[in-house]
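Notes follow the structure.
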Amino acid sequence: MIPDQAARSAYLSAHQFQSPVNALIENKIRESFARQGLMQTLGASIRSVEPGRAVIECPFQLGLSQQNGYFHAGAITSLLDSACGYASLSVMEEDADVLSAEFKINLLKPADTQLIIAEGKVIQAGRTLVVCEGWAWDGAAKKLLAKMQATMVAIRPGK
Amino acid sequence: MIPDQAARSAYLSAHQFQSPVNALIENKIRESFARQGLMQTLGASIRSVEPGRAVIECPFQLGLSQQNGYFHAGAITSLLDSACGYASLSVMEEDADVLSAEFKINLLKPADTQLIIAEGKVIQAGRTLVVCEGWAWDGAAKKLLAKMQATMVAIRPGK
Amino acid sequence: MIPDQAARSAYLSAHQFQSPVNALIENKIRESFARQGLMQTLGASIRSVEPGRAVIECPFQLGLSQQNGYFHAGAITSLLDSACGYASLSVMEEDADVLSAEFKINLLKPADTQLIIAEGKVIQAGRTLVVCEGWAWDGAAKKLLAKMQATMVAIRPGK
Amino acid sequence: MIPDQAARSAYLSAHQFQSPVNALIENKIRESFARQGLMQTLGASIRSVEPGRAVIECPFQLGLSQQNGYFHAGAITSLLDSACGYASLSVMEEDADVLSAEFKINLLKPADTQLIIAEGKVIQAGRTLVVCEGWAWDGAAKKLLAKMQATMVAIRPGK
């Protein structure tokens, strides 16, 4: 009854081996991302969208730094927030929009990298609340720089 | 460069395939656990200790419930806090003690189960701060009931 | 435009100068509290309920300790979780129940006190989500031992 | 023994009525802020620095928006992170630097405002860890848009 590697893999793989998101939802996500002025300002782009998972990447530039020249925690958080938001949107109804209710992030290592890969993943999809985890990796996806836990809210028309 | 299943497994397996914790540290953890009055009150016991990982289990009793007869969020949180604390202690120096600096938990499902399995796992071990994740599973380790992200502090003698 | 003491007081006083909670809601809260087995096990009691605010107190006993004989972080968290839950319930519709969605706590000082006073307070009351802050004070209400930020969910019949 | 308005005010006023930060520390903070490329990119500026408190403001521009034209949660978080960081730096030793260990934020209202006022405040100052709260207000400092709880770490030379 101890959680074994199989259970752990199943947990991490949730939503991972389903069919691709349908075109309608992928379009909705990409259009929404294009309207996020902050993502443009940061120079971020969507790497991939799957059901329950979204990956955003962002190259380093001095305009994203904190005082020592690494990625600012706020920049990393912004990328992970959007990644978790779009991971959530991918499992919501087609006419829903998404807002961030709250999130928490641990900054694990100085983000001394030329590229951030921000991965958001749904771990619990309710009708109103969707809980996600987010991982910020360095460009080689070898070092975990930050870890997020987030709650997203589905906004439905007429509500 | 997209985090793939291999990178994800490596992340989750960190600290997992090392040799067992040495007897000195395992004793220190079990003695510390025995001094935690709250763990006795809840009826919890240590299931296993490995380097960077500790598993605590606790059977349900009415004295642990919230208003609807499920495990109280506070009981689950207490178990995960101790599991993360002992996961951290397992990677600290032999004369260190551990205190919780902070944690955040998402309650994912009503904890309608006869047994909680609380698993704590180190994801970043610094000299002073150790960052952990915690998972609360139902007794069959099939449903993820709650997810924690925690920061522990090493307390060293003479500091 | 700088937040001044007046704005800060207004923020902290939100919900504080309204009329008392009506008897129906106070009864609902006290009955719900009485059904929380964990609160009985910890030896906690409700000190007061006002609109948007609930105070729970709990005397120390060895059965609530961590390894050094202070209040276990999990015990403090449990008290604050219930305090935030009942603060939330006090502003919800009469037939609603409350569940914890998530919370985060910082443990600020070793809880070396004979009494914990756990105060929960609503800072944003939506129809479904209620956001609270929680403060754990020592028995003299002079030292802030822990600080919580929590999200509660309203559960309405037939939903 | 119930936390009363006096205790609550004392809590919120901690660090507030001390003498101004000395010129050396204020200079250190302003120079550090000037090196944060992200703050320049967002168009943020320091409004005030006091011992244990820092206020940053940032006017709205489309380049800071989420998909509906409000401030992106990541922008608000970035401002609060820096405000908490500099509030912390104001109470650290003169040769210390500050890094964010972790933070959690609740987004309370859609940030439909022309100006964000991000206020960071120390609630517990240890030698290594400093715990802060952050409030994001609208431009009139009337509506609380978001609430943060954060842990900052002092980095000292030669450590």
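Should a chain be cited, it is by its letter among A, B, C and D, assigned in written order, with residues numbered from 1 in that chain.
By our rule, a contact is a pair of C-beta atoms (placed from the backbone, for glycine too) under 8 Å apart; a residue touches a chain by one contact, two chains touch by 3 or more.
This structure is a prediction, so every number in the text was calculated from the model and none was measured.
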Reference interface B-D: repeating pair among A-B, A-C or A-D with over half of contacts shared: A-C
Higher-contact pair (C-beta pairs counted), A-C versus B-C: B-C
Intercentroid distance (Cα basis), subunit C paired with subunit B, Å: 24
Approximate Å spacing (C-alpha centroids) for the pair subunit A, subunit C: 31
Residues within subunit B bordering two or more other chains: 101-102, 104, 106, 131, 149, 151
Residue ranges of subunit D in contact with subunit B within the complex: 101-102, 104, 128-129, 131, 151, 153
Residues of subunit D defined as touching subunit A within the complex: 32-33, 35-42, 61-69, 72-75, 77-79, 81-82, 97, 99-107, 110
Contact footprint of subunit B on subunit A as seen in their complex: 1-5, 7-9, 11-13, 47-48, 55, 104, 106, 108-109, 115, 117, 119, 123-124, 131, 133, 135, 137, 139-142, 144, 147, 149, 151
